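Paired with chain B in one complex and with chain C in the other, chain A is shared by the two complexes that follow.
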Partner chain A sequence: MSTASEKLRASAAEALACGRVSLVLGWRKKDFWWQSPVAFVEAAAEAEQLSFDPFSVYNPVKYLLEATECHEKVGVFVKGCDSRGINRLLQDKRLEREQVLIFGLPCSGKADPAKIRAVFPAQKIREVAQEGEELLVRLTDGQERVAAADFLLEKCLTCRHPNPVVFDELLWEPVPVRAGVDVSRFARVNSVAQKEILERYTYWARQFDRCIRCFACRNTCPACNCRSCIFDQAEPRWLGKASDLADTMNYQIIRAFHVAGRCFECGECERICPAGIPLQEMNRRLIMDIDKYFGPYEAGLDAGDSPPLGTYRGEDPAGFDES
Partner chain B sequence: MKKIAKTKLQELWRCLSAEGALYLPVRSDSVVDFALWQEDVPADLETLNTFLPPKKFYYPQTETVLKYEFGENLQLLDASSQAGEKTILFGVRPCDTAALSLMDKVYLSEPVDEAYRRRRENTVIIALGCREPEETCFCQTFDIDPGKAPGADLLAIDTGTELVVTAQSLKGEELLVALNGVLQEATSGDEIRVKDVQEQAGEGYLTRVSVHGLAEKLDTCFASPYWDRLYRRCIACGTCTYLCPTCHCFDLQEYAAGHSGERVRCWDACMFTDFTQMAGGHNPRPTQKERVRQRFMHKLNYFPRQHGGEYACVGCGRCVRQCPVNLDILEVIREMGGAVDGQ
Partner chain C sequence: MPVTREGFEPLIVAFCCNWCSYAGADLAGTSRQPYPSNVRVIRVPCSGRVNPSFIIRAFQRGADGVLVAGCHPGDCHYHSGNYHARRRFTILKQLLEYLGIEPERFQVRWISGSEGAKFSAVMNELTENVRKLGQNRKLRDAR
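Moving on to the complex of A and B:
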């Protein structure tokens, strides 16, 4: 078992044993090598199940909304991306800082099961473990080591903040930011932006046409933290239930605008979308525009800052660029 | 029994598309799903699970069931003609084929759902046997043979360089006649190869669970504290239900403007907050706990109780692979006492 997992277990067990928190959110392993769901640990003895492996990806922060309703204080393990979600909830006044004990986990990126399956036959994989900068792939007939950097999730390839930006304890040393992320961060947006307007419409229409309105993107997003969502409202019904492209665009574009200036780029919406819709391209397009019109801004870095679309300044430009 | 070389499938599809609207698994961006055949778009016959199960062809995500117009009197307009197109589904996997027979129990029992029945009648299913299960496949749990698809009109088996096709219904036999020009007679050697592939398909399952006695066991589990723990991870999205080949719940919506309107049937998901929201504001399933319990109890207890012991799951594994928080039916079967064997 990796030392990272051991550190998570020790920290959780200690915090639960001495009563600092009554619940800790981390990750555990499940049946398959690529499954590392969020674990709800309520007793020191249960901390043994915690694990931090190449698939401990799911952002546990949204669970804090419900967890803090029945627990006075909740411990939560966060990677860089997850930690910005905490600032999101703090800034949106959906969480108080003293309600959470934050264990920070510097993270050099998580693995994409699809990339691993493309190289190794999935039926043969038993376990994929992180060992330094390598992934150790245990197969039914032996094992192989590969460079972890070659198997990173798309969202990790463009991550600017691998180290938690808010925490009470950091479990290990910070890690360096990947080279070239400033370019890769907007690479896909730029390639879409280069398309002619009709081609761009066709592209997005094709993407949204696959949307089944499962709402996984919204439900996982810590920036989507409204107590009641307009798209769930039955009377009046703002969003038709019929699978209609215009309504899907209505949902997706309004959601993107609602999280504009608040999206902290964890990329979970895109990663978990069962229809493979490149949602981050929309979010990052809006981030680009905000950078351009209101000055560089990254959401979720500081719960005390003034979000550009939540702040009025006299010198703000009045209109949108027609181009 | 007939056969065709895999290099000549384009010819087969061209002929099939002359017989009806032909849909087969096609990759678009990162997703493989059933799409209308186009001459120059390659089909994907390797991927086992399409993004959406073929249930959408019988039970579309959105369907107008009624149109009306207010004049001097209220006029009801027939909206049922849309279900008439002859459709051919190529490459439906055995699990998804089995799911349709479960769906039939709901929509073809009295009162029969006419639009569904018409679509069923007008569709020919050409199933494609599986050669090797994926890691998330567990169709065997429900006695589904991955090399066979008894509910299909035609069964195609990939023997390596050829597809060997067998008719399994009158519709299938008629279609085989229409395809005479492109198909060859299969030999006794092909028959042996088909049997080999079918036998092999059933081996190599990584995921083995048993549902023996589970429905009975769940009779007493409605109030189990198990659900209190299970639901917390659920984010209340509709991925599991919408991707499930057997989930079949819907909502009726009214689209009205001016003097006319439509009543539309849309997929709905028991995971959503508003699924059981009453007009007066009361919600009999007030938290996600009741909703998560509902889904699994429906699949593993209520459905078998209502439909002769058959579970409303075919082990396709879509929910196992796609649930964003890894909360799936395998876990529930294991933890609620289905016998475990293997992994």
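Moving on to the complex of A and C:
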């Protein structure tokens, strides 16, 4: 078992045993090799189930909203992206800093099960473990070592903050930022923006047409933390119930717009989308425009500042005809 | 119902701020400055009151063009409503263009209470631009 998992277990067990927290959020291993869902540990003896492996990718931060309602103080393990989610909740006043004990986990990226399946026969894989810079793939007939960097998730390839930006304890040494992330960050946005206007519409219509409105993108997003969401409201009913492209586009546009200036690019919306809609291409477009018009801004780095669409300057430029 | 380009009359929804642009519309009326009857004016307390959902909803329910009109920056009755609106709609306009909505269909303008002529000019220009584009089928309800 990897030493990373052991460190998680030790930290969680210690914090629970001495009563600093009454709940710890981490990850555990489930039935299949690619499954590492969020674990809820309430006793030191249960800390054994915690694991930190190449698939511990879910952001546990969103669960803090409910966890802090029945627990005075909650321990949470966060990677770089997750930690910005904590700043998001702090900035939105949905969480007090004293309510959480944050264990920081510098993270050099998580593995994409699809990329692993593309190389190894899916039915033969038994376990995939991280060993330094390598992935150790245990198969039914032997094992193989591959470079972890070749199997990273799309969202990890453009990660600018692999180290937690807010934490109480750091479990191991910080890791370096991958080279070239700034170049590739907006590459997909630019390739869509270069299309002709009708081509852009058909591109997006085709993407949104697949949306089943499961709202997974909203539910996983730490920026989507309103107590009641307009898409759930019956009166006024902003969003029709029918399977209609116009309603889907309404949902997608407004969802992206509601997180504009607050999205911190964790990319979870896109990763968990069952229809494979490239949501980051919309979120990043909004980030691009905010950077362009109102100055560079990165959400989730400082819980003390105010998001760009919540403030203004008299000399702001306008993206429309001001004459 | 198919609409030929010749017989097409665009539907324009204009969200006008109560304190400036709506007064501008009044002035256009009292000073006999004509503007097309295609425009449906919706009075809102402030351009900052206009929720981006209103705009998407207007397109969904059959608008061919949407205008948001407010006080000039610095003149907001509520001090900062139009500054917030300026940031919001700068971003929204870029996003709609990125998603393939023609930029002419969604416009934001500052029209003060003394600019009746400007109100009428903006409405004429917007209506003509949208008329050239034809009926909006994007974002529209199938129902």
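Following the convention adopted for this analysis, the second predicted complex is superposed on the first by the 317 of 323 C-alpha atoms of A that agree within 3 Å, B and C clash if a C-alpha of one lies under 4 Å from a C-alpha of the other, contacts with A are read in each partner's own complex, and residues count from 1 in each chain.
Following the convention adopted for this analysis, a contact is a pair of C-beta atoms (placed from the backbone, for glycine too) under 8 Å apart; a residue touches a chain by one contact, two chains touch by 3 or more.
Note that the structure is predicted; figures quoted are calculated from it, not measured.
Q: With both complexes overlaid on chain A, does A:314 touch chain B (first), chain C (second), both or neither?
A: Touch partner of A:314: chain C, not chain B.
Q: Once chain A of both complexes is superposed, is A:18 in touch with chain B (first), chain C (second), both, or neither?
A: A:18: touches no partner chain.
Q: Touching A:70 in the superposition: chain B (first), chain C (second), both, neither?
A: Neither partner.
Q: Just to be sure I read the superposition right, which of the two partners does A:293 touch: chain B = first, chain C = second, or both, or neither?
A: second
Q: Report for A:202: first if it touches chain B alone, second if chain C alone, otherwise both or neither.
A: A:202 contacts chain C only, not chain B.
Q: Under the stated touch criterion, which partner chain does A:240 make contact with: chain B (first), chain C (second), both, or neither?
A: The answer is both, since A:240 touches chain B and chain C.
Q: Per the contact definition in the header, classify A:214: touching chain B only (first), chain C only (second), both, or neither.
A: first
Q: Have a look at where A:193 lands relative to chain B and chain C in the superposition and call it first, second, both or neither.
A: The answer is second: A:193 touches chain C but not chain B.
Q: Which residues would you name on chain A as touching chain B in one complex and chain C in the other?
A: Common interface on chain A, chain B vs chain C: 240, 242, 244.
Q: Which of the residues in chain C come into contact with chain A in the complex?
A: Going by the criterion above, the answer is residues 52-53, 56-57, 60, 73-74, 80, 83-84, 86-102, 107-110, 138-143.
Q: Which positions of chain A touch chain B when the two form their complex?
A: 30-32, 35-38, 40, 58, 62-63, 66, 122-123, 125, 206-207, 210, 212-216, 219-220, 232, 234, 237, 240-244, 268, 272, 274-276
Q: Show me the residue ranges of chain B that touch chain A in the complex, using the header's touch definition.
A: Of all residues in chain B, those touching chain A are 28-31, 33, 51-52, 61-62, 132-136, 204, 206-207, 229, 232-233, 235-239, 242-243, 251, 253, 255, 264, 266-269, 272-274, 277, 320, 322, 324-327, 330-331, 343.
Q: So in the complex, which bits of chain A are touching chain C?
A: So the residues of chain A in touch with chain C come to 192-193, 197-205, 230, 238, 240, 242, 244-247, 249-250, 253-254, 256-257, 260-261, 282, 285-286, 289-290, 293-294, 308-309, 312-314, 316-322.
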